[in-house]
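Letters A, B and C mark the chains as written, and numbering starts fresh at 1 in each.
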C-alpha cells in the first residue's frame, strides 16, 4: 500500500496506479460537493500533467470536440420546444387527453409516461431530448396525483434510455460501423429487447402504483363527451409528435432537424394560433434553454477530455489484459463486455465509451466467434443503463438542469430500474434468442 | 521509447493497416527499442484534433484525408479535384509517393504548421451510391448526394448538377434509408464497412478520383531525430506505402464481392468514356474554384503569387500523372 | 449600489443573456432553413452543420459563465447537506476559491489553444473562416466563470450568508440549482 501511494506521487506510468489516483480524486472532490466540472477537470489535469506530461491545452480541444457532434443540436431544440409548449397550452391539452383516457386506471399515468418516453426516444434518437420533452410535460401531472418525484424522474430517465435499443438508434449505428456489422440487423435485433424492457418498466410502474395506492389519487372516469372534447383540444398539439414521426420516417428531415421543426411548430401553435405566448416569452425560453444546455454540455465536454486521456494512455486495454479473454467462455466474455461498458458509462458519456471500448473488444469478439449483432444489442443496453447511472450520467444531469432538483433526489429512485436493466442484461446473455430470433427470421439466417 | 501514431480510420481500415506495417518495421529496425502505439478513429478525437496533436507534438504521426489537411494547408486540396488523378492505380500510387510538386513544393507550408508530410496513399476510387441510375449530369438533377463539407467536394457535385448535402457520417445510414438524401460518395471498402450498400440501389463507378490520405510527422520532433532514426522512419514509410497499397487494392475488390453477395439486387454501373467525358468537361471549371479558394486564404498582397502557385501545383500534378501513366505502359 | 463594478456586472449579464438566446434561435432557424431548402428547393446550406457547431460552442461556453453567475451548477450535496451551517460556509468558501483558480487556469489554457490554432491558421472546412475567431469565446467564458467564483469567494468572506455566486445567496430551495 505504501509502495502504491509512493507510485502515485512519483507519477509511475502504471495503469493501475493511474486509475486508482484518478478515481479517488474524482470521488473525493465529488463528495466534497465541488461543481461537477471540477472533479473531472482535476482528474484529467492530474493525468495529463502529473503522470503523462501532455500539453493541457488538449482539454480545451477535446471539450470542443465533445460538444460538436451534429446530433447534439437536437438537445437544445427539444428543450426549447418543450419549454414553449409548457409556457403555452400545448402541454396541458396533451395531458388532459392522456388523463381523459387513462387517469382513472391504476398506473395509467406512469405507464403512459413510460411508453411516451420509449416512443419519443426511439424517434428523436436523443435520450436527453426525451427526458426534457416528455418529462417537462408529464412530470407535473404525476406529481399532482401523488407520485413521488424520485420515482417519476427515475422512470422518465430510464424509459428514455430505451431509445438506445430501438431504431433509429445512434448507438447501434455507431456500433455497426465500428464493429463492421450490419446496421439493419442490429436495428431488428434491438427492437424486442427494447420492447421487453418497456414492458418490464410498465409492470414495475403498475406494481409501484398499487403499493402506493393510498397516496396516489385517481381521477374520476371521464364521460365520452368529455373525452371527445379532450381529443378536439389535443388535435393541434398532437400535430407535434405527428410532425416529428412523419417528418423523419418520410425522409423529409433528419432526426436532428426534426427537433428544430418541433420548435417552429410550437411557436406557430402557441404564438400565432393560440396567441398564448409573446415574443418575450420566446426569448425567455431561448435563454433558459441555452442555460440548461450549457450546464449539461460543459460536462459532456469535460467528460470527453477525461476519456481522451484514458484513451491516450490506453488504460482500458491495460486493465483488461490480465483477464485473458482470448481463452474464456462466450458467456464470460459477454459478461466482461457488459461490465466494462457498465463501469465505463458510470464515469463518461455512453457514446464516448462506445468509441473507446468497441475497437478494444472487437478482436476478442471475432476470435471467440460471438455474434456481433448480439454484442451490439448488449452494448446498447449497457449504454442505456450507463446514461442513467451515477455518478456521471448525461440524462441525470439533464434532469437536474431541467427539473431543478437535487442530484440525490434524482438518483434515489433509480435502483429498481437498474435492477430491471441488469435482469435484462442477464436475459440477453443467457437467452440471446430474444434479440436474435427476429433477426434470424427477417434475414434468413 | 514509444511513438504515437493516430489515424482517422477504424481498425483494419487502410490507414490502420498503414500504421500497423509502420509499427512493425520500426519495432524490427529498432530491435524492439521503439514501440509505435496506434490509435484509430475517434480514440483521440476528430480528424482536426489529431492533426493539431501532431502539430503540437503530443503525438508523433498522424494520418488523415487530404481534405482535412486542407483546413490548414489549402493548397493540398488540389488532390480533391475530380478527374485530375483519375489514372491507373499504379500510376496514382507512383505520383502520391513521389510527387515533387507536393513533397517539395508544399513542404514549407507543412513546416509552417509544424508538420512534415511523409507520404500519401490512395484508398481506392471514389464510387457514387444512388437510388437511381446515373450516367450523365442530367441524371444528377434533384439527386441529394452526401459529401464532405469542404469546398471542393461541395462545388464538384454542384457543378455535376446534383444537390451536395453535408451530413455527419453517423446520420448517413438513416438518411439514405429514409430518403433524406439519395446518394453518397466513398471508396468501396468504406461503403461496405459502413453498410451503406444496404440502403442504396445503385453503385456507379465514375472513374473520377481516388480517396487520398496523408501521413505526416510532427516536424520539430522529426527534425531533431538522429539521422539513424530518420532513416528508420523512411524505411518504415516505404514498407507501409507498399502494404497499404496492396491492402487497398485487395480490400476494395474483396468488399465489392461481399457487397454483391449481400445485396444481389444492387446494380453496378461503370461510366463509359463518352459519359465520363461530360463530367470531365464540367470539372474543368473547378480548377478556378480551387485557385480562388487558395488565393482567398492569403492577404491581398500575396494573392497573385498564391494563385500562381496553385496553378503550378495543378499543372505539375497533371504532368506527373501523365508521365507516370506513360512509364507504366 | 450604483458603483461601476455593479454596472459592468449588469452589462455583461445582459450581453451573455443576449448571446445565449440569439445563439439558440439561430440554431433553430439554421436547421429549419437547411431542411426546407433541401426538401423543397433541392438546395442545401453547405455550411449549416458547421454553423450549428459554432453556435453550440458559443452557447455552451457563454452559457456556462451565465450558469455560474446564476448559481446553477450540478453538484452532489449528499455529504454537504449533513454539515452544520458553519462548516457549509467554510466548505463553500474554499470551493469558491479553488474553483475560481481552476477556471482562471482553464481560461489561460484556452487562450494558449486559441493562439495555437491562430498560428497554424486553421480554417473551417465549409465557410473557410479562421476557427480561432469563434473559439476566442472559450477563454472569455472560463474567465468570467472564474470572476464569478472569485467574487463569490469574496462575498463569502465579507458577509454572513453563503454566497453561490456574486449575487446568489444559498437558500434551502436552490441548494443545487436555482433560477
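Simple rule for what comes next: a contact is a pair of C-beta atoms (placed from the backbone, for glycine too) under 8 Å apart; a residue touches a chain by one contact, two chains touch by 3 or more.
For clarity, every value in this text was computed on a predicted model and none was experimentally measured.
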{"item": "Most distant chain from subunit A, judged by the mean position of its C-alpha atoms", "value": "B"}
{"item": "Chain nearest the global centroid, as defined over all protein CA atoms shown", "value": "A"}
{"item": "Pair of chains with maximal C-beta contact number", "value": "A-C"}
{"item": "Where subunit A and subunit C are represented by their mean Cα positions, the distance between them in whole Å", "value": "24"}
{"item": "Centroid distance [mean C-alpha coordinates] between subunit B and subunit A, Å", "value": "35"}
{"item": "Interface hub residues of subunit A, defined as touching at least two other chains", "value": "57, 61, 68, 70, 252-254, 256"}
{"item": "Junction residues of subunit B, two or more chains touched", "value": "52, 56, 167-168, 180"}
{"item": "Subunit C: positions in contact with at least two other chains", "value": "49, 116"}
{"item": "Contacting residues of subunit A [partner subunit B, same complex]", "value": "54-55, 57-58, 61-62, 65, 68-71, 168, 170, 173-174, 176-178, 180-184, 248-256, 304, 308, 311-312, 314, 355-356, 359, 362-363"}
{"item": "Footprint of subunit A on subunit C - complex, ascending", "value": "17, 20-25, 27-28, 30-32, 34-35, 39, 49, 52-53, 56-57, 59-64, 66-68, 70, 72-81, 91, 95, 98-99, 102, 106, 109-110, 112-113, 116, 135, 138, 175-179"}
{"item": "In the complex with subunit C, residue positions of subunit A that touch it", "value": "30-38, 41-42, 56-57, 59-61, 63-64, 67-68, 70, 72-73, 76-77, 80, 252-254, 256-257, 259-261, 263-264, 282-283, 286-291, 293-295, 297-299, 301, 391, 397, 400-401, 404-408"}
{"item": "Touching residues (chain side subunit B, partner subunit A) in the complex", "value": "10-11, 37, 39-46, 49, 52-53, 56-58, 167-171, 173-175, 178-180, 193-195, 198-199"}
{"item": "Of subunit C, residues touching subunit B in the complex", "value": "38, 42-44, 46-50, 116-117, 120-126, 128"}
